[in-house]
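Heads up, the next two complexes both have chain A, just with different partners, chain B and then chain C.
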Partner chain A sequence: MSSETAAITRHRAFSFSRIGAITTITLTELTRQKVFYVLLIFALLLIGSSAFLARFTFQQEFQILKDVSLGAMSIFTSLLAIIATARLIPQDIEDRTVYTILAKPVPRLEYLLGKLTGVLLLLAISVLLMSAMFAVVLYTREQAALQETARHFANAPRDQLDDALGALRASALNIDLLPGVAIIYLKACLLAALTLFIATFATTNIFTIVVMVFIYFTGHLQATAREYWLQEHSASWMARIFLAVVALIFPDLQAFNLIDDIVVGAAISLALFVKTAALGIFYTLIYTLLAIFVFYGKEL
Partner chain B sequence: MTRVFIVVVSLIGFGLMKLPAEHAIEMQHQQEHLRGVEFNLGLREKIGQLGFVAALSGFRAIVADGLFIQAHVAWERTEWGRVLLLFRQVTTLQPRAILFWDIAAWHMGWNASVAALNDRTQPRTALRIKAQREYFALAKDFLESGIKNNPDKPQLYESLARLYKEKYKDHQRASEFFAKAAALPRAPSYDRRFSAYELSYCEGREREAYERLRQLYDEGKKERLPTLITRLKFLENKLDIPKEQRIPDADPLKR
Partner chain C sequence: MITEPAVAIRGLTKVFPVPFHRQAVVAVRDLDLRVQAGEVYGLLGPNGSGKSTTLKIILGLVSPTRGKTEIFGRDSNEVASHEAVGFLPENPYFYKYLTGTETLRFFGKLCGLRGSQLGKRIDELLDLVGLTNARYRRLGTYSKGMLQRIGLAQALINEPKLVVLDEPTAGVDPAGSREIRNLIVDLKRRGITVLLSSHLLAQVQEICDHVGILANGVLVREGPLEELIAIENQTELILENASDAFVKEVEALAARSNAKLVARRRSTTTLERLFLDATKDENKQ
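Coming up: the complex of A and B.
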């Protein structure tokens, strides 16, 4: 009896170790799923093969290589975020794991946080793997291009050679790509949190995925709807209500599409990066809180 | 039911909180010339339904690349109308990609224009020259639109200067655009020289050209390139510069 009392007194209302345990199990479960490997291998293949997609001049080749690689990273992390998260709760309910976990003194908050952290870790691993592959491909092509340019300008004046090499380096692997990759990851985190929120009231993972696809497309149009709603006053009240609903309910996913501009050499200012990252974290937090709130009311 | 109501109210409340932040980011994007593509019916008509959906999903760069590769194939087949159409789509989708504007202008100004001039199906020379001039104008349009979208990058000013120099034979405008390129950050060092070279061909502006070339010459060995010395000597003779003020005749690179 005394040991039971001691165990009860040792029990904490909120425990990072419990969240850590759920995170580890979730990550292990997710990495065992075939869909993860299929998506990851497909993304890595696409990034790897982008070097052979088109052979134009070096500048054109680098732009296409970066576009395809970052585009592949963006679509695969988004897909992975949606598919992996959509399965979490329905799968646990189907396997009855959720009952076993929640029957123990594990609050629903910890359960959801553990699950989400597992997905976010999986996304981080995927983004790191894809970034490493992308960096290797781009670096290899850059070195080849630098050597060829140096040979080509062997008899040219020094400043011309420097200009040519400088232009080449600026169009290949550079530090400006990092914020783009970070924003891709934040967008995936946002989508994972939003999927978790949808999954808390959805009955099947198919429903969650379909709703998320709809949200994904509408989210990319949200900025257009919002600006039209804020600036256009001549629209009918029906149209204004519709636009307001889109602007208020959906996230602005276009705000996270900075890679299109980064690949063409536009440097993203630190202020813009911080604002975008803060918006991404804010969205993720809010959707997670809403998911927790709905999950507390869910009858299991 | 209460929970659903609370969730809906929270979503709307959160929506109202995020609106100013989203609007501020949108404004900053416009200031930094990012997201220069407006999704409307015009774009939909230009890039087709599939391309529009892909662009909407955040993959406009990849769609633009696909169209660029198609344009490359059209160029290999010398389908100039298709090249023009595809490059209009590509530059609409990726207005910040200097490369696309530059290549589009190059195809119009250097490839399509020559093809039009040598078009054997058109027996009338006047019409062939007219077609050639139309392609020059298209190249100019691409470059001017590209500059509007990328006013801070020197490459397109350079390309426009080359177009004026090589196709329109307008050295004054060429000099003006090389000078504009040279004034921008990260411009290559040769832009300043090229601007002065072009000015040296302009009737009535020889004195100004001489002063600019002389200034470059006085900057040191790095600027004393063969073309600069040739143009400078030509102007010295033309302007009748006193002997003691002229540059030496011997090879200046060896001094």
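Coming up: the complex of A and C.
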């Protein structure tokens, strides 16, 4: 058996299959920790809010349902990204699992990428499931509203009926929701990468979570602070550099808040979507690179 | 034929800076050490003597301040040098939501094993460490001894030429401890080099060919075990079924020469052997 096995283990400097193994195990571990219970809360929230919204007009109902659902989706995925990522490295160090992994022919880069990809997959599954639940509830309500409107306008002229049904369809389930969901996912990816970076030098999960909560709130406020600063002070080069550094440490999370436009039925322009997505990907890459840089120098 | 040493350490020093303190902690100081291929080497020393730091440097987990470590002639900082290595840390926990089989499959994949070959290797190792019946149980339900054994199995998944064990029997009961020692002896028989650190001197004495003793980061004694513990001018005779008259004759013979009889006592078993025999009988009932 020895010669056969030894022949297989020829080392490759970079291996997607090793990253895949770490990704799979990270996703399996997180899934078995019952993190998907958060989806149950989301489902209850959806069902509860749709029952409560029965007293409003259909357009109002859809608007509030979208507002509640997309808002909850954003908060839950952000929380999941922070909590799931915060424990990855400190826990592995505490349990000494990181020693056994890195004592194998596994570069630290692959270890970190595998861990992060596991979390990003978990977030993708969560967003998909929440979106599916949201779509089912919205579609069900839309169908009920369409039937009731059709009954209501049964004796009205055809044009009037078509206008009413068209207005309903436009305010319910439509393709304009997709960019919003995609941005929610990218925001969660950014938060996961930033949490991973903090976790590379943090010694406990609690420290990482506390720092991330601080960054989360600061990140939502920094755009306002920046505008105020630029209005109050002449935008000198020093001020601009300072603001760039602040923007790097505290990502502008408000820029990812496109839900308000979607809720009122306004479509997000392609340019705005691409710009926001690029910002999310850029931040995610920067924080991942910083995490790799710190982790390479870390004494385990 | 392997000619280079399994582990070669030259002029190794590790200094840990202490935050807000001027004085740093020197964990290992000017360490030179060689572990020959095929031997069992015991690294001994009290807590904080630098054993674990030395092992971590060999495995590339901690970077040395000065000096160099090599595994079979390759710089141990090169990830590729780990292909030949299996490592079991002290008190490992692993991923508690995974089963024994999933854990070994994961570590096997990290070493490039796949498919039926990996499955076969997992079966062999579970059988070797006596965990076949617990293979589908999650590690969260494993006892400390079982975790140590699954840890040993993952260390062996890639059929390493060098196995590094940090306190392999720490917290394990005597029976489990004996099993791990038997496994180490079996590794040696198969030509695998074992480098282990331990506090349990009696166990080290039983299985090691070579030992090095670290104190405050300095290697204070090093060499073949037999040479280090031998008392140059004394010889032991262990007799079985010897009559009193014959023993007296031997004593008289010793008295007539320049030799001096230092001690005469009845041979004893070890407390561990007594414990194992007693609990074995208990288990049979």
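One rule holds for everything that comes next: the second predicted complex is superposed on the first by the 255 of 300 C-alpha atoms of A that agree within 3 Å, B and C clash if a C-alpha of one lies under 4 Å from a C-alpha of the other, contacts with A are read in each partner's own complex, and residues count from 1 in each chain.
In this section, contacts are C-beta pairs under 8 Å (C-beta built on N, C-alpha and C of every residue); 3 or more make two chains touch, one makes a residue touch a chain.
Here the structure is a predicted model, which is why all the values come from computation and not from measurement.
Visitor: Looking only at chain A, is it chain B or chain C that touches more of its residues?
Guide: B
Visitor: Looking at the overlay, what does A:L258 touch: chain B (first), chain C (second), both, or neither?
Guide: In the superposition, A:L258 touches chain B alone.
Visitor: If you look only at chain A, which of its residues touch chain B in the complex?
Guide: By the definition above, chain A touches chain B via 53-54, 56, 59-60, 63-64, 67-68, 70-71, 74-75, 157, 159-160, 163, 216-217, 220-221, 223-224, 226-227, 230, 247-249, 251-261, 263-266, 268-269, 271-272, 275-276, 278-279, 282-283, 286, 290, 293-294, 297.
Visitor: Over in the complex, which chain A residues touch chain C? Could you list them?
Guide: Touch residues, chain A against chain C: 1-2, 4-6, 8-13, 15, 17-18, 20-22, 24-25, 28-29, 32-33, 94-97, 99-107, 299-300.
Visitor: Name, in rising order, each residue of chain B that touches chain A in their complex.
Guide: Interface residues on chain B, with respect to chain A: 3, 6-7, 10-12, 14-16, 18-19, 21-26, 28-29, 32-35, 38-39, 53, 56-62, 64-65, 68-69, 72, 94, 96-99, 103, 153, 188-190, 222, 225.
Visitor: Touching residues of chain C toward chain A in the complex: what are they?
Guide: Against chain A, the touching part of chain C is residues 16, 56, 59-63, 79-80, 82-83, 85-95, 97-98, 102, 106-107, 109-114, 117, 120-121, 124, 151, 154-155, 158-159, 164.
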